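After this come two complexes, each holding subunit A, first together with subunit B and then together with subunit C.
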Partner chain A sequence: MESTPASESSPRGSTRLDSYVDRYAARTAGMTASEIRALFSVASRPEVVSLAGGMPNISGLPLDVVGGAIGELVAEHGAVAMQYGSGQGVPRLREQICEVMRLEGIDAHPDDVVVTVGSQQAVDLVTRIFCDPGDVVICEAPSYVGALGVFKAYQCDVVHAEMDADGLRPDALEQAIRAVKASGRRIKFLYTIPNYHNPAGISLSAERRPEILRVCREHDILVLEDNPYGLLGFDREPHRALRADEAEGVIYLGSFSKTFAPGFRVGWALAPHAVREKLVLAQESATLCPPQFSQMAVSAYLDNHDWQGQIKQFREMYRERRDAMVESLRDLMPAACRWNVPDGGFYVWLTLPPGIDAKAMLPRAVTARVAYVPGTAFFADGFGSGSMRLSYCYPTPERIREGVRRLAGVLEDELELRETFGAVPPTPHLPSSSPRSGYDGPASDLT
Partner chain B sequence: MAASSQQNTGGARPAPVLVLAGGLSHERDVSLRSGRRVAEAMRGAGLEVVERDADTALLALLREERPSCVVPMLHGETGEDGAIREVLELFDVPYVGARPAACRVAFDKPVAKTVATRAGLLTPESVCLPAQTFRELGASEVMAALVARLGLPLMVKPTQSGSALGAAVVRTAEELPAAMVGAFAYGDVALIEQFVVGREVAVPVIDDGSGPRALPAVLISPDGGVYDYTARYTAGATEFTVPAPLSPELTEEVARVALTAHTALGLRDVSRSDLIIDGDGRVWFLEVNSAPGFTETSTVPLAISAAGLDLGKVCASLVQAALARPTSPEAAPGPVAG
Partner chain C sequence: MESTPASESSPRGSTRLDSYVDRYAARTAGMTASEIRALFSVASRPEVVSLAGGMPNISGLPLDVVGGAIGELVAEHGAVAMQYGSGQGVPRLREQICEVMRLEGIDAHPDDVVVTVGSQQAVDLVTRIFCDPGDVVICEAPSYVGALGVFKAYQCDVVHAEMDADGLRPDALEQAIRAVKASGRRIKFLYTIPNYHNPAGISLSAERRPEILRVCREHDILVLEDNPYGLLGFDREPHRALRADEAEGVIYLGSFSKTFAPGFRVGWALAPHAVREKLVLAQESATLCPPQFSQMAVSAYLDNHDWQGQIKQFREMYRERRDAMVESLRDLMPAACRWNVPDGGFYVWLTLPPGIDAKAMLPRAVTARVAYVPGTAFFADGFGSGSMRLSYCYPTPERIREGVRRLAGVLEDELELRETFGAVPPTPHLPSSSPRSGYDGPASDLT
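On to the complex of A and B.
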């Protein structure tokens, strides 16, 4: 043995391998290693058909055009593009954002737009300026895992309200509001994804939109309308935004991640004047300013490219993938499975036969080289074990069919196992008793 | 002629050490962490190191770039079942760690327990059953028989898995079906074992060519009482005491048990035995790992450091030991790049 004593001090006695373990804020509770999240690591391998991640498929982007525009940006405006900018965002881009929102019936002024680092940061900033620990945020059941992670980080209590095929149910919303108020807690806002919901894949019907606004108005509840998929409907004109009919009671969030490219990390919030002022200050304290270079690149793209034509191409590509998934599910899934047929966006929400736990089944699926996100990731209260989110946005139609074929085999095996052992409570080795919403989904760079 | 000697002659720059990490097992994420840490440590010790996944590019890499030595940091199947080592032997590439046959025995927990028992070690009474047996004979009857025979509490785990994946403590008979389903999610065969209440210790064994020796035992005290995946890989979630505060007799006994397991199972270079010391001071062998974790929260690096050793130098010495032995009868050792 040639080894010699280490030059650094050797640990003696007890250690927790984290010098700061007693110093973390309470909000870090739950930021722990997760075997479910670790399983997604395998999904990055090409052998695995990942129906888990929600990465937009940007292979159809005209990279030569984008590259040329960025080269021109550097050559002609580099000194500005690579400098600090306004905390509210580049004025020209805010004008263009208003043009984008006009497609959904929103009449907005650029002064009321705050550019953010993806709409994810907008969720963070809104929660930061509104929520104290213990405040309640009402979310659909299920809801976006990334938003649940933000609400958990700010120590909010999430209360879910049921959806059906027409989206969030006004009666369920009203019931949730009344129950929270009766418990003496404060509701800070309703977080809703009205179009091509992540993960449920459904949209709020036109008839329900005024109803949801009415309920919120009557109870003085602010609406946080998150709309990253609104322009990705397959068979119709864009839904009319909630914000289009309610300027004062709605904060609207948008993003270029799905309609252009997520790597630029450019999203926005459209907020009432007073809220916008606070969002700008919060943005300045968080990042000083949203990335100037990204904003100007997106702006150049919108100015010089047929971006609406590009979105149409994206829609057709996603429609083809949706068809492949839905047809495969019809052909291969056991009879007791149920799923929706989305008419836009990225996701199918699959409900499993009774007694099947999607979270407990995930290791078996990974062994079979297919991945999905268990439904529990989309609930703050431990529910959702009988469902899963399937993404069709990234794999080719052939890979989607292969993935569904593998998933069907996994499900058959799991059904047989459950039949053998009967109905069982959640597996004791999994952290189902301590919901980990926001932390059990795949990382953003995993397909 | 062995390629390892071909590549290192004629004054050419010696080939680097290849750290293999990742793979397709459920422990991919752990493996990547182990691989990164070992690679960095060896670079710190002056070795030239490359890191690669075990994927379809591997064979071309072995054939064309000829690493001087491979350090397999692959956990779970492929990494610990001997498969990747069989491939390395096919290509006459020196590697750190046990040979394939020994890996196969160590990776299968019931087989390893049988070998350990024959070597005189104490191991909890257990039953090993495939899912098919429960289907064919009726799960209720079989589970009732298991509880009647082994009593409660029980530990249920897949026979071939690591990082406590699919493992569960069963304290009541009603918890057993869920634990079985959880274990079968990771494999077709499960080990149902008496749960021994006591102090959990990990004892690494290293052998750089001068004979196996036990490193200081690591006492493991997870906050939640169960050393599950979260407790293993969340810094701060478990308290480790190293050297474990044991009497001189117990210190000697846990070392003897780990060395006996390492030797009886035919392991090589490095292993880690997981043991329980019960209230009567008896040392129970649970399992042994032929490719133990080297992550920031793993016990082997802790024990190496507690022994006053440098992780990079220990890994480098294991590489030297691998290079000093023939990869096949006609193979000859070659120097390592540094």
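On to the complex of A and C.
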């Protein structure tokens, strides 16, 4: 049936584009499709090697174990699993979450855990309860694109602080804090990914962790520690969480998306008691409660499977892919490129020869059937055009090698063009006057 | 291990109550525990008959069918079901959602559907993209407590418009619109529950539906049609949705929580194309994507089960409980009480004799082992103290009769006290000067 839209007296029917354009909230102007999102449709074409997405490779999960655990869940606890639950999350799962966090030195009580719809929702809820428009969030440079999107949607100002091969620099953090305070604005928290950083691929060194905590304590800055990759180190025990040494000043976010599977959307926040109460109220307002069935499915998996052994398998699989990527980069990339060798997680951060713009080059790369995420996606302020994020988590080693081969070809062509037609107009990435001028790949990991 | 909180130089450690109290966002002041929420802990004690909660009774679901469908899902599509998905939701499920909506006369395309974490999240996301602080949302009087919480959390002003036995009154709506416009404030949408209203238990009559749409069209007011109970009518075909006759001016919200099960948290919004795009961006920011596993589980259930037959069973079960409640009310309640007889959904709205305050009486009711929700929970402005919501959805008919018996006893005691000690100071509910003075239970349904 045809609907009858607005009458002639109404401006609503007057344009076919977006008749609602005048009535959105101010925050909605900040909601725009991310560069990663626009890439998803491209990257899903089978002929393209996607080094763009951050999808975990879960093909190693034992479907018989998962299916058995969930089948038993339905048969024995179906009426509970399919019912509404608590806004804070399933108590048994919150206990198990505390066991998981113990691997990183955290001694927490299940009462202080709030289950969220992936840790993405935890970033959303924390920002919701803390940030008014114009409030400042300090982020590493670069930072996770999904968190930057949340901060933008809540009309926050993001101020970046420089990293190097040992992670966030305490002096850069202190400098950023002082600059913001001098400008009269209010810092609500530091958002940091200390382990196997997305997109930078580096970790905060053990020596720096107390330093970062000290700076935040001195300036009374809350820390939002986002840690989806912490258990995915290739060659070592998990790093000790910032939260392990500072309970009152840190909100810790965790996730089962990379250590089990993302399709259940089960993440969590561990927060000081008063903040936890606000988070539960925000969760109830947002969803009434996180999905009970998902939570009990994750809980049953943890109870019925050697989940730590499974994580070990994931780590070995990702290490093999990391090796495939860095070996190919070493063999194939033009000499002026630099990148780090991550020792965990999903990502390599690659810096291009001066004058090459990763975003401008992307259409040519896609034509050559390889995709990546341009560095600008990971900055709130237009930096990063000379860099890109390469993911090795999802494609097979063979596909990774093929993808790097294609990327190297595109880059050679780009350099040849530049050689032939002279220098491309310089793009404003990483000027030496910037407080982040040093960041274009951690020096000690360059190959 | 013991954590070391803040240093002495930091004000953070200075109070044990809430050291973050000075740094929350302004919106967080609007996040307070609802009256329903505070009741959950009371109502969960087995000796209390809870006529308070809105939990569906899903004990009739065939666990073998659900378990079989989900087991097959894991075995055959586990790698997809447990992976990240689209921010808009699983395409096959969106097709099925269109089939569900067709039962209410809606002809929609799956491209215009956004899957949400329960329809609660749809209310959240719509409010997020439309409402700045101070914007007005018009709601029925009374209205759904969970939606009122969202509007408060986004710092909206709620203006109520009166209902009667035929639902929202077009003249009251028009009056409210004119009053708000005269005050210089901006109305972002009308939030309405046209079918088997929560908490009022009434439906918008067929005659009024085009009238409500006409008023909104003339004043260029968007309609947010929230319809979780639409398929749960006891004696008739589903009402025709507002959205069925107005595609451009209505955002329609649906849910599987009451027609299948709430534990998957699968709801949806059907929106005009441009709004749909904003909702997807908001969803990506909020959660990246709704739970893929939940969506595919619901989809598999719909594919593998006579879901319409199941809904028919639910309707019969709820009708029996409705009968148990209204018969008990008729037999046991004091003469001065009034209530409606709902012909679908979960709720009876009961108005107490003048001078009795439902909220003040609640502790005595709980002592007598019966719980309800005081009417004030369903108003943004303190009205409703002389009313309460009684739910018949979850307890058995026997428990419902016992609950009403206990409630009648409490009320008799209350009236006796009033008789003995004289009139209680009048509470400011439903004064005749209010534009809603007429609403204390739909007149034609009073018994």
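Convention: the second predicted complex is superposed on the first by the 392 of 447 C-alpha atoms of A that agree within 3 Å, B and C clash if a C-alpha of one lies under 4 Å from a C-alpha of the other, contacts with A are read in each partner's own complex, and residues count from 1 in each chain.
The criterion applied here is as follows: a residue touches a chain if its C-beta (ideal position, glycine included) is under 8 Å from a C-beta of that chain, and two chains touch if they have at least 3 such contacts.
A quick note: this is a predicted structure, and the numbers were derived from the prediction, not measured.
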| item | value |
| --- | --- |
| Which of subunit B and subunit C A:418 touches, first, second, both or neither | first |
| First, second, both or neither for A:33, with subunit B first and subunit C second | both |
| If touched residues of subunit A are counted for subunit B and for subunit C, the larger one | C |
| Which superposed partner A:222 touches (first subunit B, second subunit C, both, neither) | second |
| Contacts of A:261 with subunit B and subunit C, given as first, second, both or neither | second |
| Which superposed partner A:248 touches (first subunit B, second subunit C, both, neither) | second |
| Partner chain in contact with A:317 - subunit B first, subunit C second, else both or neither | neither |
| Which superposed partner A:18 touches (first subunit B, second subunit C, both, neither) | both |
| Partner chain in contact with A:47 - subunit B first, subunit C second, else both or neither | first |
| Subunit B and subunit C contact sites that coincide on subunit A, given as residue numbers | 1, 3-7, 10-13, 17-18, 20-21, 32-34 |
| Complex interface listing, subunit A residues touching subunit B | 1-7, 10-18, 20-21, 32-35, 38-39, 41-42, 45, 47-48, 360-364, 366-367, 369, 416-418, 420-422, 424-431 |
| In the complex, subunit B residues that touch subunit A | 22, 24-30, 32, 53, 55, 131, 134-135, 139-140, 163-170, 175, 177-182, 184-186, 208, 210, 228-230, 232-242, 296-297, 302, 305-311, 313-314, 316-317, 320 |
| Subunit A-facing residues of subunit C, complex | 1, 3-7, 9-13, 17-21, 23-28, 31-34, 37, 55, 58-59, 61, 63-64, 66-67, 70-71, 74-75, 78-85, 87, 105, 107, 117-118, 120-121, 124, 128-132, 135, 146, 149-150, 153, 188, 217-218, 220, 222, 244-249, 257, 261-265, 272, 274-275, 278, 281-282, 284-294, 297 |
